[in-house]
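Think of it as A, B, C and D in the order they're written, each chain with its own count starting at 1.
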Amino acid sequence: MTPQSLEVNAERPRWDDHELLLSENRPLGPHHLLRFEAPTLASRFRPGQFLNLNVPGHVLRRPLAVLRQEGDDLELVITPFGPGTRDLVNLPPGTRLRALAPLGNGFPAPEEDVALVSGGAGVAALLMTAAAALKSGRRVHVFHGAPGDEDVELIKASYGELGLEVEYYSEDGSYGRAGLPTAGLERLLADGVAVGVYSVGPYGLMRAAALLALEYDRPAYVSLDVHMACGVGACLSCAVLTKSGQKHACVDGPVFAAEEVVW
Amino acid sequence: MTPQSLEVNAERPRWDDHELLLSENRPLGPHHLLRFEAPTLASRFRPGQFLNLNVPGHVLRRPLAVLRQEGDDLELVITPFGPGTRDLVNLPPGTRLRALAPLGNGFPAPEEDVALVSGGAGVAALLMTAAAALKSGRRVHVFHGAPGDEDVELIKASYGELGLEVEYYSEDGSYGRAGLPTAGLERLLADGVAVGVYSVGPYGLMRAAALLALEYDRPAYVSLDVHMACGVGACLSCAVLTKSGQKHACVDGPVFAAEEVVW
Amino acid sequence: MNRLEVEFLGVKFPNPIVTASGTFNFGREYAHLYPLAKLGAITTKGVSPRPITGAPTPRITETPMGMLNAIGLENKGVDAYVADELPWLKEQGARVIVNVFGDEPAHFAAVATKVSPYADLIEVNLSCPNVHGGNLPFAHDPQAAAVVLRAVKDATDRPVLAKLSPNGPILPVAAALEEAGVDGFSLINTLLGMRMDLDRKRPVLGNRQGGLSGPAIKPVAVRLVYELFRNTDLPILGMGGVTTGEDALELALAGARLVAVGTATFADPYAPLRIAAEVDRLLAGRGETWLDWVGAAHTPN
Amino acid sequence: MNRLEVEFLGVKFPNPIVTASGTFNFGREYAHLYPLAKLGAITTKGVSPRPITGAPTPRITETPMGMLNAIGLENKGVDAYVADELPWLKEQGARVIVNVFGDEPAHFAAVATKVSPYADLIEVNLSCPNVHGGNLPFAHDPQAAAVVLRAVKDATDRPVLAKLSPNGPILPVAAALEEAGVDGFSLINTLLGMRMDLDRKRPVLGNRQGGLSGPAIKPVAVRLVYELFRNTDLPILGMGGVTTGEDALELALAGARLVAVGTATFADPYAPLRIAAEVDRLLAGRGETWLDWVGAAHTPN
């Protein structure tokens, strides 16, 4: 199926092409935190939405979650991966970029306590949900996983700023607990704690978290990472197979309920 | 013929790939003056030589004459023309570039008084010859042409700094004398003044200056503007037809004696 | 004076810049940004007789100044578009070029008949594989292409463009299509290409290979439009990597009467309108019109 | 351990990165920068029986992440190179691939015979027009290409590579060449393209059209090497837009045993050595060798 049209989904905020001014770019371990002035986007993002950011010298924009938004300021966390993100994390403050935003459906507001299961820059897509949950008085359990200790600074600059305690898992045991963050989630769920599960990170991590939540009959949401060109429903590149047919991550997602996804 | 090999032309200075740090970039009317720190190139350029400068995001380097060199500092004048030069004149100070240099044969040292006939950024290729002539006590006559008054700042920042008076010709009569700078050259030659003629600018201007000099039996040199890829004799893109066969502007030129060129 | 106005096969276009098939869907996604009637025209996503799910993901990846796509012709099928999208699109006042395809001549024809009421022009995508012809695309088999074209011509009263592929010689196919009664040509479709994922040691795309588009292919587009123009009197809709007004004028010089913008729209949803405005500014500076440029690189100086 | 060492048709290369024909002349221009023996090999400028003056200028122009060239096969002719350049080049200790062409089979053969004493491999450029075959390049006429190849094979004891053109289908030509006894393939030569000069309303290049090279064409090169690898057991020298070690590994995954670097050398004369060093570093990080990558995208995961 082609994406639902804007007419059908009227509450989706209308996106446009906005100008962003890079005001700060600092490394957080292997990641970079980029802060922008984006007055025309002030308060436009819901938790889990994203923008499609241009990169000078590149033909396509890059989809990125919004870590934080305060007034005119907007922050992204970018992990250099291929040519585009490598160029992005090298841009000097003062650079003007453009972004299609706000895009995507975002996470549903938590209706109970939440468990966040993140890996790498997946934190970016979860932080606004964490803040919203705290604001509405929910408890927030955080399980974060990484190959080693490289995400410590990222955790501090994100969950840390909200005063959240993070159960950190490293695969090589170099920091926090050894193993995968789904171990923490499983313990929590096995203890019968009633949480909604939100997971963003590598596919394997999201899948494991989603299957655990389904096993314990808890609601769970993931943000799927699909290669995108337009970001707005026009190119059909971001197909996702769901139990109700083929969807498109940029408009029908990137957030999907765990039980909807064909894992 | 392929370019003369380095072996054959032993006095040609060996080029290499050098790093340049852009220290200043200021407009001079429609042109830009770019100043670089280039310590590894200090005192390497002879008048009329050029470098092949990289432009971020472009596959080929761009051949550009050296306006001035003092110690570690090196200055270029660039007229935005196509995508590459447009990008160059927009680079912020602090940008690091690379240049193959020094390239080309350069002008022969003046053996008598000289007449310079320039158009646009052609000034860049002539200024070091002007300085050398003055230093060896020759008289320097300068004729510069432009469509209108747009080259006034360029003239001030180049010939002006050497204390030279410039006979400025504008085609539309908006500054200096109305007409073409070859009018001034012709007057000088008709007066029987014994000068060597050096011309750099649009093809038509160089051709007219060269033919005048030949008519009055004066030595004349031009710097031919040919599309170049490698800049060092390897790609054979910069062919020039001369009376002694096909030459290549990057190594056998860019300077050619007027009587050698098949106009 | 409208410098940009151009007539093409009897249809009036307010400006020559149209969207390229598959890069603008049916226009709904961009309709809140500007009135779609301001575009020269919209070329729709390719429409087939029945719905197609498309290729496995990843379906796109970037390359130097280009992108590869292997969408796999995903579409909802002609009936859904005739029900939901095409009437809406005509209501917007937009000129509409409907891109059609199938896996045999009768299927192309069936789609053409159904979309005709909403189409100003029909564009026949010949790059799809000919399932009964050893999967060689119609675009590379002059006789098969001609059979498709004749079937479509019989099925519609709208002018029909054949969309040519740069992955094989175009002139023999163009000649066969002209013989079969085609009204005009559009080109170029994408060049086949591939990118490798070094971590997985595998092609990046789910479909392994995909179609290369964007500025990287512009020189190939300019050359093929130029060559075709020398060999036909039929009008040409040119495309391939157009991102600026200067790019559109390059294609016009080569012989394109209309110019489509595809990949550039992903990075800038306003691209088709911006490019039309840039062309207008360049022409105004010279006191010329678009038609002064169409094919001008071929006329004696 | 030398991770980069590779044997190709009986010749040992210290690393798989060689220069591409026409982009390094005969090496003399770069010999003061580094010992030419450090390169995997040098592929010479194309050599013809008699001197050729070449095409009118401009002969090159830039395009988005690419360049067009129409040098027109300028060269001094085989006798001059055998006298002045090839003996010198062999003295440098470099491995040498001599690129040869002509306008009929006997001319290719004559050049091959003369250069053989200095050649580790002979590369036959089939992209030049077949003057007795309606000017269709040999590369697009399987039978004509096979005749050339047989003539060259008879004229030399060196292994012979056929250089394929991406401007037409490659598999039929490759099959005919294999039948004719070719030892290996090199690809891709340039894609035909064009750029317009908006001021003159004319093609930029003196020759109007030229060959597109550089990063823009890399996806096309990866695809064609990949397709050829699936259809032949002969070794492949791959090229097209390689600028980094990652690019070279993409071509290796597709099936290239040697990789040539052309256009990148214009912007960085150290490019072939830098790319070899980058490949070495990437391989070292994984404890792998170059040969672990050659064709690896085709093996079951």
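Simple rule for what comes next: a contact is a pair of C-beta atoms (placed from the backbone, for glycine too) under 8 Å apart; a residue touches a chain by one contact, two chains touch by 3 or more.
This one's a predicted model, so the numbers in the text were calculated from it and none came from an experiment.
Asker: In terms of touching chains, how many steps apart are chain A and chain C, taking the shortest path?
Answerer: 1
Asker: Tell me which chain's centre, taken as the mean of its C-alpha atoms, is farthest from chain D.
Answerer: Max centre-to-centre separation from chain D belongs to A.
Asker: Taking each chain's centre as its mean C-alpha position, how far apart are chain C and chain D in Å?
Answerer: Measuring from centre to centre gives 34 Å for this pair.
Asker: CA centre of chain B versus CA centre of chain C: separation in Å?
Answerer: The mean C-alpha positions of chain B and chain C differ by 46 Å.
Asker: Between chain A and chain B, what's the gap in Å when you average each chain's C-alpha atoms?
Answerer: 55
Asker: Two or more other chains in contact with one residue: find those residues in chain B.
Answerer: In chain B, nothing touches at least two other chains.
Asker: Note the residues in chain D that touch 2 or more other chains, in rising order.
Answerer: Each of 65-66, 214-215 in chain D touches at least two other chains.
Asker: What residues of chain D sit close enough to touch chain C in their complex?
Answerer: Spelled out, the residues of chain D in touch with chain C are 63-66, 68, 140, 168-169, 191-196, 198, 201-203, 208-209, 212, 214-220, 222-223, 226, 241, 246, 249-250, 253-254, 282, 293, 296-297, 301.
Asker: Given the complex with chain D, which residues does chain B contribute to the contact?
Answerer: Going by the criterion above, the answer is residues 1-3, 5-7, 14, 16-17, 54, 58-61, 82-84, 98, 100, 226-240, 246.
Asker: Taking the touch rule as given, give the residues of chain D at its contact with chain B in the complex, in rising order.
Answerer: Answer in residue numbers: 22-25, 28-33, 45, 51, 53-54, 57-62, 65-67, 69, 71, 74-76, 84, 214-215, 263, 265-270.
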